[in-house]
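Chain lettering (A, B, C, D, E and F) follows the sequence in which the chains are written, and residue indices restart at 1 in each chain.
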């Protein structure tokens, strides 16, 4: 039997505390499915949220850049859930359709040239060592 | 026998034309090994450079963002050559060590949560469909 | 037109022989879709089953450990079918929900630190060479 | 210019505190290169170590199983540094050469059948839904 | 909100020109969804089509070999859309079910032995350097 | 301590039998490092060689096509050993430098368009279902 999402009303106090912090931090009514599934392992949920929260806080990089990088990795790995959720996240942070198109252009090109460098067994330039 | 890089002095006119355009566009003395190896197939060289040039031109996204996304993809794929060359490229475009550290934080986190979403078989939220 | 699964009643004697061995070995009523599709190439079916049977037999590693490793690889690669079938397989071999949660913790962390090692271009310690 | 490892004697108090905890937890004289490179970003270092420490502590899964799963993921991703360091880690936790051989057998097989399932577009059995 | 495909009747003149060239080159009534989605970024659409057209034209390799290689890569990466569309493309170019079975055999085996070479840290033979 | 290759003179009768069959089948003086390392697990060695031998025998696909597909997968996965050894294998089977260049063109393009299909979340055309 597959797992089902753990909803707030059915959650343990430990899980609810994490859900509350997600809702407060992101100013949302409810948490995404991702968190409702991780809730099956409260330690995994708490650790993952703490890391995501710290990593995604604007710092040397702004929120939009971080969301677009997250999306670029998810597209490269082909994670359907993550592509859907981080497309939404990046748009919320300000990504326009023109930015998305250029982002895909770079992601596509990098995936192509990564293989060309592999295939031709290109040695690293001494200037980069 | 492995391939060797094709240097400017040994290059055909068609290859030299591409090398000249790379040097002019990037304001560099010589092209990287990547291009010297692709030069074994002049059509591949010309097509790849034309695409990279168009993709990396600042537009809706600036040059630094594009270089960091390129690096994020290369790190995800584990392409040693591309990591070395695009770390250099991103630094040239203004990436500080603090920015790099945060970039790695996002790349690492995305690679982790991509697998958590896979493993828990999280269905896409209706809000993202 | 897409392929359809080859059911026992429609299978050739060569395919039936493999299906019979799978059912006997695993003590199941019917084989999974995976085998019903590989049956389109009887040689591929026979070779793959022979290898899987040999690899998954308990030896220096027990059945549960092998199923969890299979699942860890499938999650890393993002293979939806394999995640579903090997989650079932690991549970049948004794994986509890607590074990699954810790397994995902390790899989997620490994996918993260693999990229940090790539990105920082960390040289292998002499102690590991 | 490439980064160089940050040695204990040159480390900030924040970084030293993490290094000390790694050495104490693992009962080692010095930390691996991985940590000396992450030390370029003290927040990344501290967060990554805290997560790794929590994830790798024996719980529902023992230390050896966790190290072998870490190695299985690293082999799948082709991360040279991580393969070297986690082969050492798994051996220290008790992995014999016979266990390693069977581990590679499972990792290889999973990588193969993941692609067969992709290629034949096998639908998930209703029993696994 | 998700994107929707851009149909010919709603397309700009720039997008229509690309669609026309695809239809003419491939002798088809309508373009695939892939192109209708890329049409959201006309520059990405035009660049990608120009590259695909050049790459897939028979030359030193014939059309069938190229389609099968495309499929092998797509299966390795687990791209569902690309597996579906390039299975159709390869069949149109002459791939029989027997060829597909052998192709999957090679793709599966390569994905397996790639990991065995990683895991055993096999050094490159001097004959290959 | 790292593993070392197992040479013929030091091999067990079981391993020698596999080495002999590889040498006879491929008409070579000595086996590659890959086999000398797998020899640490004689069962893994024997099973892998039996599968590779069966898979690489010309059938519906010729030897050259199979070697190029093997190379395409290895380049996509970034396996350095496999790229080196299968470039040699493909050349021995007749791959010219022009064929290699076109092969890399297709591999690069497929890796690019796989990500564009992911990123734009393109639904599979009904004609491909």
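Methods note: contacts are C-beta pairs under 8 Å (C-beta built on N, C-alpha and C of every residue); 3 or more make two chains touch, one makes a residue touch a chain.
Because the structure is predicted, anything quoted here is derived from the model rather than measured.
Chains touching both chain C and chain D: A, B, E, F. Hopping across touching chains, the smallest step count from chain B to chain E is 1.
Counting the residue numbers used at the interface between chain E and chain F, over half appear in both copies, so the two copies meet with largely the same residues. On a Cα centroid basis, the chain most remote from chain B in this structure is C.
When chain centres are defined as mean Cα coordinates, D lies farthest from chain E.
Mean C-alpha position of chain D lies 27 Å from that of chain F. Chain A and chain F have CA centres that are 34 Å apart.
Between chain A and chain B the centroid-to-centroid distance comes to 21 Å (mean Cα coordinates, whole Å).
In chain D, the positions touching at least two other chains are 2, 40, 43-44, 47-48, 51, 54-55, 76-80, 84, 87, 98, 100-105, 107-109, 111-114, 116, 118, 120-121, 128-129.
Taken as a contact graph, the chains are fully connected, with every chain touching every other chain.
The part of chain B that touches chain C in the complex is made up of residues 71, 75-76, 78, 80, 83-84, 87, 100, 103-104, 107-109, 111-116, 118-121. Residues 2, 43, 47, 51, 54-55, 128-129 of chain F touch chain C in their complex. Residues 40-41, 43-44, 47-48, 77-79 of chain B are the ones that touch chain F when the two sit in their complex.
Contacts from chain C toward chain D in the complex involve residues 2-3, 32-34, 37-38, 40, 44, 48, 51-52, 54-56, 59-61, 65-66, 68-70, 72-74, 76-77, 79-82, 84-88, 96, 98-99, 101-103, 105-107, 109-114, 116-118, 120-125, 127-129.
Interface residues of chain B, counted against chain D in their complex, comprise 78, 97-98, 100-102, 104-105, 108.
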